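What follows is a set of structures to go through.
Two complexes are shown next, each including subunit A; its partner changes from subunit B in the first to subunit C in the second.
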Partner chain A sequence: MTQPVKGPALRWRSVPAETIRWVVWEDTHIAYHRPSGMTHFLNDSSRLLIDDLRNTPMTAEQVAARFSDIAAEHGEDAVEEATALLERFEELGIVEQV
Partner chain B sequence: MKTVADLGLGQFADRLVSGLPIQIGPFAARVQASPRQLVEPLHGLYRDYPLLDETGVFSFHVRLDPHRSWPKLYRPLVRFSVDGRVPHEDMPAAQALPVLEWGMNLVIALRSHCFLMLHAGALARGGRAILLPAAPGSGKTTLCAGLALRGWRLFSDEFGLVRPGTTDLVPIPRPMALKNESIEVVRDFDAQAYIGPSVTNTRKGTVAHLRPPSDSIANAQQTAPVSWIVFPRWIPGADCVITELSKQEAFMQLATNAFNYELLGEAGFETVAQLVDRAVCLELEYSDLQVATDALADLAGRDAE
Partner chain C sequence: MSSKDRTDQKETKRGTNYSRRSLLTGAVRAMPAVLTLQSGAALARSSNLISASPRDHKDRYGRTLCLDLRSVDPAGRSGRVYDLGHPASGRLTAIRDREFRVAPDDRAAVVSEARMCHEGGTYYYRARRYRHWSTQEIEGDALQETSDNAQQFTGAVSGSSDYWGGRRDRYWKRVQIRRGVLVSATALSSFSGNITVTDL
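Right after this comes the complex of A and B.
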């Protein structure tokens, strides 16, 4: 019986910087997404993630490992939570798969 | 410049039938209204508005005409139209005055997309403007009335107009539609205030219009930068409390109160951000109009020091 071939894990990166206009007050990052015209309110951790993904595409496992608050809050479900977060950002047009 | 006050009542009545050309803030308006019961109240409410040359170019042309329709031919109605188009159903003739005023609000709301339009009261004191964004029923118009009667220059009780890319409010002073209990509140607040006739059974209850102060009309071409954004809430029996609001919360609430935030796209986003960044952002809870107007006067005086 042949074993299923495990494909490479999905990786995400941030969309180009000019896609989003940011305004920041304290720990709230307000993003105007130019293509959709939508406005989003993000916290410090989300902004940090988006900035990191601009420099280095990551898998959900890497994101979960990189952000200790995700791991601390969700434990074993950290990768699942990181995947859900990335997929949500992808829906919003803030990140994209590579 | 000539104003409506320079016309006798008879002359005004004739001009109203043929089309009264007046300046309302940034708009050149031509107002035609044939119902006779409107002559006296409109002459009083629009007393200070500049008369324009009849041959000029107008931003809009509104009309209010008597109308009857089958099968209720016995029921007198009025028909509002703007530039020849009828935007809504005919209304009872007894409500002619608020129908005309609300109709002009509708026209402004539909035609003013060169501005960021905020659902807000707007006034100025000492060359600095206050924005009062609020949902219907928050007491915004009553508060604007109180402030205007205490020396603030009225820009509008309904529309905060801001040119995109600036933080300057543009005046569009209009008669203020007081509703239900607030009519007597304002009469008690200032017995000298000119309030037009009370019209009952409208969709908002009983409505009466307060004339804007003369200097608000005389200075209607003078903008002012926003210094305060205050979100008012009238709560029965509440103490007057002013609390600071975070910029991020103020942005969210101000954008929510912008009629055309999404339509303006990035220009809307930038303008709201600049307004919030520049202004002191506050929440105001109050029940007593005198206490609230005193508190905002203190705020303006304190911040000027």
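Right after this comes the complex of A and C.
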């Protein structure tokens, strides 16, 4: 039986900086997404991730590796959480696939 | 460089510094999370919104209109507004005014069209049919005792030994409906799009 061939893993990056207007209030990061007119509240971890994705596109596995300790503390599957998060960010227009 | 560019750069710098600070101080203690603020402007951009309607849910034929919840997306926070999308689309069941029951039995509970819509499921109603037969069929089983719900008609063709006959009876018809919400016929009429109607 032949093994299925895996294609290249999906990578995500942040949308251009001018697309989002940021305001930081204590530990809350408020992002106004200009194209959609929607406002999002993100925590520190999300802001950190989005900033990192602007410099370096990453796969869900790479993102998961950054939060694996935190995910383990909560008994969550890091890759599954990272994939869901990236897909949600993509729906919101904050990140895009490359 | 405009003041706007300077402001954006400042915020970006703040973000970079913040992330470095977070790494250094270990401030990152939670999985990334995002909460989206629903803005009226964003909701208003989709004009194909329809509300669940406890009243005014019958069309001009007296059919109860039930919108399949799986064919639309919820909109807003009330839990009673749905987005038909662009172009408007959805699945609608038009339930005729019949005596629906929960089982194919005259003793089974009668159920309202509203309940059928809200709960979904399988229901039954008595349908009528008329069957006729020719001389050949009259011989044998066709002239047996009729059931309680059957009426048998027979006759003779004048000047001939042939017979004709027919039987009108009622049988149980099963219908299935998906869980949904009652909607207004007036509101639906304002949408142009692709709304599929199933007649029950």
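One rule holds for everything that comes next: the second predicted complex is superposed on the first by the 88 of 98 C-alpha atoms of A that agree within 3 Å, B and C clash if a C-alpha of one lies under 4 Å from a C-alpha of the other, contacts with A are read in each partner's own complex, and residues count from 1 in each chain.
FYI, contacts are C-beta pairs under 8 Å (C-beta built on N, C-alpha and C of every residue); 3 or more make two chains touch, one makes a residue touch a chain.
Nothing here was measured: the structure is a model prediction, and the numbers come from that model.
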Is A:26 contacted by the first partner subunit B, the second partner subunit C, both or neither? first
Touched partner set for A:52, first subunit B, second subunit C, both or neither: second
Based on the superposed arrangement, let me know which partner A:81 touches: subunit B (first), subunit C (second), both, or neither? second
According to the contact criterion defined above, which of subunit B and subunit C contacts more residues of subunit A? C
Give one of first, second, both or neither to describe whether A:17 is in contact with subunit B, with subunit C, with both, or with none. second
Quick one: classify A:34 as touching subunit B (first), subunit C (second), both or neither. first
Residues of subunit A that lie at the interface with subunit B and also at the interface with subunit C: 21, 23, 37, 39, 41
Write out the stretch or stretches of subunit C touching subunit A in their complex. 8, 11-12, 14-16, 18-19, 22-23, 27-37, 39, 41-42
Contact footprint of subunit A on subunit B as seen in their complex: 246-248, 251-252, 255, 262, 265-266, 269-270, 273, 277
In their complex, what parts of subunit A are in touch with subunit B? 21, 23, 25-26, 28, 30, 32, 34, 37, 39, 41
If we count contacts the way the header does, which residues on subunit A are in touch with subunit C in the complex? 17-18, 21-24, 27, 36-49, 51-52, 67, 70-71, 74, 76, 81, 85, 88-89, 92, 94
